[in-house]
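Next come two complexes built around chain A: one with chain B, the other with chain C.
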Partner chain A sequence: MAIPRFWREIPSRYNLIGTECGNCGKRYFPPRIICPECHRKSVGKMKDVKFQGKGEVVTYSIIHHAPKAYEMQVPYIIAIIEFEEGVRATGQIIDCEPEDVEVGMRVEPAFRKIGEDGKSGVIYYGYKFKPA
Partner chain B sequence: MEVGIVSYGAYVPRFRIKPHEIAEVWGVDGESMSKGLGIKSKSVPGPDEDVITIAVEAARIALSRIDIDTSDIGSIYVGSESHPYAVKPSATIVAEAIGATPDLTAADYEFACKAGTAAIQTCSGLVGSNAIRYGMAIGADTSQGAPGDALEYTASAGGAAYIIGRENVIAKINKTYSYTTDTPDFWRREGEKYPSHGGRFTGEPAYFKHILSCANNLMEIVGTKPSDYDYAVFHQPNGKFPVSAAKKLGFSKEQVSCGLLTPVIGNTYSGAVLIGLAAVLDVAKPNDRIMMVAYGSGAGSDSFDISVTDEIKTFNRNDSNTVSSIIQNHKFVSYATYAKYMGKIHLRGA
Partner chain C sequence: MREVAVIGIGETRFGELWDKSFREIGIEAGLFAIQDSKTKGEEIDALYIGNMSAGRFIDQEHIAPLVADYVGLAGANLPATRIEGAGASGGLALSQAYMAVASEVHDIVVVGGAEKMTDVSEVYAQEILASTADQEWESVFGATFAGLHAMIARRHMHEYGTTKKQLAMVAVKNHKNAALNPNAQYRRELSLETVLKAPMVAEPLGLFDCAPLSDGAAALVLCPLDRAKEYTDNPVRIASCGQAGDYMALHDRKDICTMDATVVAAKKAFKYAGITPKDVDLAEVHDNYTISEILAIEDIGFFNKGDGGKATEDGQTALNSEISVNPSGGLKARGQPVGATGVAQAVEVVRQLRGEAGERQVKNARYGLTHNVGGTGASVIVHIFDGGV
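After this line comes the complex of A and B, so read on.
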């Protein structure tokens, strides 16, 4: 991952900051610069909004063959979570055995390492989800 | 002015390993290791956990218990001997993750196992002098013992965060006193993965001399005796030392048992006394008096004379964030899994 891109994404990755369209009120996570529904009418009207990130599992997948950076964690769970606030996010579910995850399971956000650029590179932090 | 603890939160990773799992690998008697060290299990950080993630989890628990504006936090100090970066502060990442940036001062502290209490002292000074409204002090570690070393049975992971302030103080810090000398009992040179220690030298001239002198001097300064305290929390590198220190000082087993967590979670280094104090605050009543004495190799002790206030009655302790409920959620792992999680196994090309 490129450092500038990660750095720009810190508010959403650390604190679940998304956006809300000032024109139609629709909320987005990850944040968007313009509202895909309102297009030009939303320009300059997108406001930051902080999500609590509590919600439930909509669907999930158990990863057995992972990229090198995640080899130490297999098998692990990747899920789509629907927040109580209406938006959806994709993330890893931790503190849960693959056989215990189920659709509808309640989760809440956790702060974890999500990657690193090798042994001498930057460490990336962000949200994962754990059973609530 | 009344300066003290406004809120606190502790975090311990979920994985545990038992002494016999480790002993089996090295051909050692696990039962005698367990008995000798007073350790039944120790915590193990997950592969995606480090001092920064532990610090953030603890800090968020502390913040969830009270209603303050995070922009009023004027300082964050993270004490640890296992900061993920050699250069790049843990404290800036924690500050960002709790929404306290940019109007604050932040730094990392290092003093073996007592860097977290040093952070409390600094925050108390800043709060007491009215320089800031709230300060956050964190002690957290993911410490490692060299494979096969006695430290491997105890070195564990965990941490706690304390919010220090003047308003709605749940536990007043009456006095803090420190005792510091140059004692080479335990060290790790720059670039070395595992620490070295002076074996038996770590006991009498190091741990006991500093803890006992610090506690006795504090009691002399404030005019108290052991029986004046409801609880005492001493640094706990194993399950035996703090009990023995308590006995030498004239404290009973009952006074130390509530804040003694090393037997189940291991030695969390900078997190140790702070998690112990959190367990005490989880059950403390107004007017309870607490003594806390940290110890850091190298060497020094920080002691605190603390009085619980009436504010504790309305403080949010009825949630899943108490030390006992956090510790209850655990999973035992094998030595192989432990070695994998701790990065003791090297992958091809890694």
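After this line comes the complex of A and C, so read on.
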């Protein structure tokens, strides 16, 4: 991955920065440029907003067969988390044994290494989730 | 809009076709279809090819003129266009061709679908499949394509009590059908026990809950219905097509257990065709994972939401039961050359409606449906075919 591709997403990946529609007030994570509710009325009115990212597991899977970048991590848990702020995001659950994860489990975000570009390449950081 | 008919069908065998290149399989399927339709090369007005990712699978973009060239029609300056919509690429190519004929822009059109997936490593091929989800907000965190479908399955189990056995029954049924299909990748039956004991890929989905990586191509020839009898004794009418989209990422969908794009696309297709789900005799649905078939048969409207697993377990989707679902063996057992899928589904439905499906023939079939999905449901296209013309 070219460095700018990850770099430009850093606010969201490091600090859970999403957006809030200046027209209707609805919040989005990941960030959006246009509010799907307000359409053109939202253009230019989307403001950055920070999410806490605490929430619960909507669904999950334990990955045994992974892409090359993640093959050292298997088995790992991937989940869809519903934040208390109403939005949903996909991420890994860590500090949790695969057999202990369940739908409805409370989690909070954690700042972790996401991946790297080979042994001497850039290391990517971002959010994962851990039991709360 | 004028009525459109399918007058020719062709397909290659699906599987690990190591001795054949992309252009060779594309040509093979196309020639079969053209020969079947008894059209001549110079009559063809246009070619549309569904293909998901030749650029990554074989480092070759611009594949539509490549196939047109090697099928011998470059000298005729045949217009050739590639259509991409992830797993729905083939179905979208068919709909573009259908609209071109229906709108009187073209008369005779060839639709192809092709993918060559085994020229890259299995791990890399899975990464390419995952790129049809949201790369920046799903795949980058380690959500594999199987993992995303596994999360649909987990939630379906949570909400409706769907069981791993019910998921496995999809694979068992589709392998049973594929055993009767000479062009299928897996022409052998699977026991329920084998499916349930398979190594896990993404829990709760095991190896046999997942469709394979395949090479293969399929093709159709379309023409206006009122000219179809010039070419064939048994034309099949395209009764309708319905396409719908949805949020790109699974986490943004209204309901993880429902593919809204399937619901909307099917409703459009049924409305335009003037029939209901009860009128459909057979359906080729997008079973890239076993859970996908369960969602499909619910969201198209064959069964109520939540009943898909039980209906499958009870044999209501088996060959010549209430509704024959995936008589070809589906993506699961017939094989999954991604861009070919939507076209191959149509080839099977037309073959069935002509009464030429041999041992796996659905009896007294008049209406057939195809359901083709891109990504985890951000693109869906449904076609309905009528054999009663």
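Note that in this section the second predicted complex is superposed on the first by the 132 of 132 C-alpha atoms of A that agree within 3 Å, B and C clash if a C-alpha of one lies under 4 Å from a C-alpha of the other, contacts with A are read in each partner's own complex, and residues count from 1 in each chain.
The criterion applied here is as follows: a residue touches a chain if its C-beta (ideal position, glycine included) is under 8 Å from a C-beta of that chain, and two chains touch if they have at least 3 such contacts.
The structure presented is a predicted model; accordingly, all values stated were derived computationally and were not measured.
Trainee: Which partner does A:Pro30 contact after superposing on A: first (chain B), second (chain C), both, neither?
Mentor: second
Trainee: Once the shared chain is lined up, is A:Phe51 touching chain B (first), chain C (second), both, or neither of them?
Mentor: neither
Trainee: State whether A:Ile62 touches chain B only (first), chain C only (second), both chains, or neither.
Mentor: second
Trainee: Contact-wise, after the overlay, does A:Ile114 reach chain B, chain C, both or neither (first, second, both, neither)?
Mentor: In the superposition, A:Ile114 contacts both chain B and chain C.
Trainee: Tell me the contact category for A:Thr90 with respect to chain B and chain C: first, second, both or neither.
Mentor: The answer is second: A:Thr90 touches chain C but not chain B.
Trainee: A:Val103 in the overlay: touching chain B, chain C, both, or neither? Say first, second, both or neither.
Mentor: Once the two structures are laid over each other on A, A:Val103 reaches chain C alone.
Trainee: May I ask you to decide whether A:Phe129 touches chain B, chain C, both, or neither, giving the answer as first, second, both or neither?
Mentor: Neither: A:Phe129 stays clear of chain B and chain C.
Trainee: Please name the chain, chain B or chain C, that touches the greater number of residues in chain A.
Mentor: C
Trainee: Could you look at A:Gln73 and tell me whether it touches chain B, chain C, both or neither (first, second, both, neither)?
Mentor: It touches chain B and chain C both.
Trainee: Determine where on chain A the residues touched by chain B overlap those touched by chain C, and list them.
Mentor: Touching chain B and chain C on chain A: residues 68, 71, 73, 92, 114, 128.
Trainee: For a test of understanding, state which residues of chain B touch chain A in their complex under the given definition.
Mentor: 14, 46-50, 52-53, 56-57, 60, 84-85, 93, 96-97, 99, 329, 340-341, 347, 349-350
Trainee: So in the complex, which bits of chain A are touching chain C?
Mentor: 9, 30, 58-71, 73, 75-76, 78-80, 88-92, 98, 103, 114-115, 124, 126, 128
Trainee: Touching residues of chain C toward chain A in the complex: what are they?
Mentor: It is residues 123-124, 126-127, 130, 136-144, 146-148, 150-152, 154-155, 158, 199-205, 249-252, 256 of chain C that touch chain A.
Trainee: Taking the complex as given, what residues does chain A use to touch chain B?
Mentor: Against chain B, the touching part of chain A is residues 10, 14-15, 68, 71-73, 92, 94-95, 110-114, 119, 123, 125, 128.
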